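Both complexes shown next keep subunit A, but they swap its partner, so subunit B is in the first and subunit C is in the second.
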Partner chain A sequence: HIAEDTSDLLQHVKFQSSNFENILTWDGRPESAPDAVYSVQYKTYGEGEWLEKEGCQRITRKSCNLTVETGNLTELYYARVTATDGTGRSATKTTDRFNSLQHTIIKPPDVTCIPKVRSIQMIVHPSYTPIRARNGHQLTLENIFQGLLYRLKLRINHTYQMDLEGKQREFEFVGLTPDTEFLGTIMICIPNLFKESAPYVCQVKTLPDRTWT
Partner chain B sequence: QEFQFGPCRVEGVVLQKLWQAFWAVKDIVQAQDNITSVQLLRKEVLQNVPETESCHLIHALLRFYVNTVFKSYRDKAVEFGILKSFSILANNFFVIVSKLQASQEKMFSTRKTARRRFLLFHRAFKQLDREAAVTKAFGEMDILLSWMEKFYQL
Partner chain C sequence: GLKTLHLGSCVITTNLHGIRSGFSEIRDSVQAKDEIIDIRILRKTQSLQGTKPADRCCLLHHILRLYLDRVFKNYQPPDHHIFRKVSRLANSLLTIKKDLRLCHAHMSCPCGEEAAEKYSQILSHFEELPPQAAVVKALGELDILLQWLEEA
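After this line comes the complex of A and B, so read on.
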């Protein structure tokens, strides 16, 4: 009996996680199986039973939100997808072992840049995650990662740049020239886990100095 | 940068280096472990460990990793082309065990409960086929590093 090759039905089954939103995604070749449907199961590593993900049974889209099911930061998880086409051919593929604390990508922070005459203030807003504490409160990235800090840069000109870094959420670049354009970038860094967000970028112009007019 | 396992202090080991070494090989190693229904380092082994017991427990676990897991896994590490990461982990674990050796010998009171936790791990290890158990233990190093991180001070 020669096993039928069904690899075209299903590829790249993996978790894509950012700020602890954990989405299972996969690919399948539409031209070879236009009528394929997909069913998702998941399990905690170390347990025997695979559980069906409600809302992701016999679906046609190629993604499934498993944020709630994989939300325990200390657990490791697997998920698997079964693809079935119109002729009854099927294929099942499993993800790598997944832990959101290790795998999640950090999104850029949300920042308000406030220009003044000789300074620019930057206020970083908390990054909320879908993770909830026992008391139901939504956790921020700062709550989850003790070592989290913010790294700010202000480009003055082609050769000169100012840097600030810290755990607080309010920063101010001072000693700037009035009525001048500056480019600011702000990143979230978690040094002990080698995590760094893409930068939030803000382009601001200091206010004109009207003291002598 | 040091570990502080209760009364036991270990300097000179950079935890981030261990994480980096493991992450470089994690998917290769864990893909070899098909027994997804067994976790050796499960909650009962590592959760809510009192500080006073942490030194005994980590010493027993790391000594087992050095004397059994790394010793048995080395050929596979060569086979999979991951010897560099493997060596970083093995050498650093050996350093930690050596430094823990002196201090944990002085403490007898908490040995029994820490021992019980280690035996839970060891019994689960013994219940598996030897090669599968070694592969699983090596693949669970992220669980161990996550626990060790709680005792690490930058």
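After this line comes the complex of A and C, so read on.
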């Protein structure tokens, strides 16, 4: 009996996680199985039972939100997808071992850049995650990662750049030329876990100096 | 940087950051070889941080001896890159184990009942698996051990 090749039904089953929002995604070749439906299960590593993800049974889309089901930061998880086409052919594929603390990607921070005459203030807003504390409060990245810090750069010109870094959320680049354009970038860094967000970029112009000289 | 581990009265510093970095490079490929996902060797009920401080040094000392004598020694790396990374990890854990032996020499690494009980449970989880599967699984669980050290 030759096992039927069903690899075209299902590929690249993996978690895509950013700021602890954990989405299971997969691919399937639509031209070979236009009527395929997908069912998702998940489990905790080390346990025997696969659990069905409600709301992702016999779906036609190729993603499923498992944020709640994989929300324990110190736990390790697996998920798997079963694809079934109209002729009854099916394929099942399992993810790699997943832990959101290790695998989540950090999104750029949300920042307000405030130009003044000879300085630019940058206020970093908290990055909320779907993770909740026992008291129900939504946790921010700062709550979750003790070592989190912000790294800021202000490009002055082609050769000169100012750098600031710290755990606080308010920063100010001072000693700038009035009425001049600057490019600021702000990143979230978590050194002990080798995580760094893409930069938030703000282009801003210092105010003209209207004081009588 | 260096991390200070407080294991009861035994206090050591270790380059946890470097060890974690080394392991993260091979984690996915090592874990992918572990097909027995219903079983876990290092379980929460035996965690270092869940152990009373006085017994943590002894428990860790036994776990590291398991890794050095029965995991790294018997692991068959699929390629030279992984071989080099695993060797470096082994050397790092050996350094920690040597520090723990110093604590032992200074009577600050007592082995109480809790450490003995938890280690025997870990050992039984390890030994209930086929030898090579146990080696692969234990290596793939180094991130769990590192998380325990981070939280200890």
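Keep this in mind: the second predicted complex is superposed on the first by the 212 of 213 C-alpha atoms of A that agree within 3 Å, B and C clash if a C-alpha of one lies under 4 Å from a C-alpha of the other, contacts with A are read in each partner's own complex, and residues count from 1 in each chain.
Operating definition for what follows: contacts are C-beta pairs under 8 Å (C-beta built on N, C-alpha and C of every residue); 3 or more make two chains touch, one makes a residue touch a chain.
Predicted model, so just to flag it, every value in this text is computed and none were measured.
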Three-chain arrangement built on subunit A, subunit B and subunit C clash or fit: clash
Partner chain(s) touched by A:47 [first = subunit B, second = subunit C, both, neither]: both
First (subunit B), second (subunit C), both or neither touched by A:76: both
Touched partner set for A:14, first subunit B, second subunit C, both or neither: neither
Common interface residues of subunit A - those touching subunit B in one complex and subunit C in the other: 43, 45-48, 74, 76, 78, 94, 96-97, 99, 101-102, 191-194
Of subunit A, residues touching subunit B in the complex: 43, 45-48, 74, 76, 78, 94, 96-97, 99, 101-102, 147, 191-194
Contacting residues of subunit A [partner subunit C, same complex]: 43, 45-48, 74, 76, 78, 94, 96-97, 99, 101-102, 191-194
Sites on subunit B touched by subunit A in the complex: 15-16, 19-20, 23, 26-27, 30-31, 33, 36-39, 42, 47, 139, 142-143, 146, 149, 152, 154
In the complex, subunit C residues that touch subunit A: 16-17, 20-21, 24, 27-28, 31-32, 34, 37-40, 43-44, 140, 143-144, 147, 150
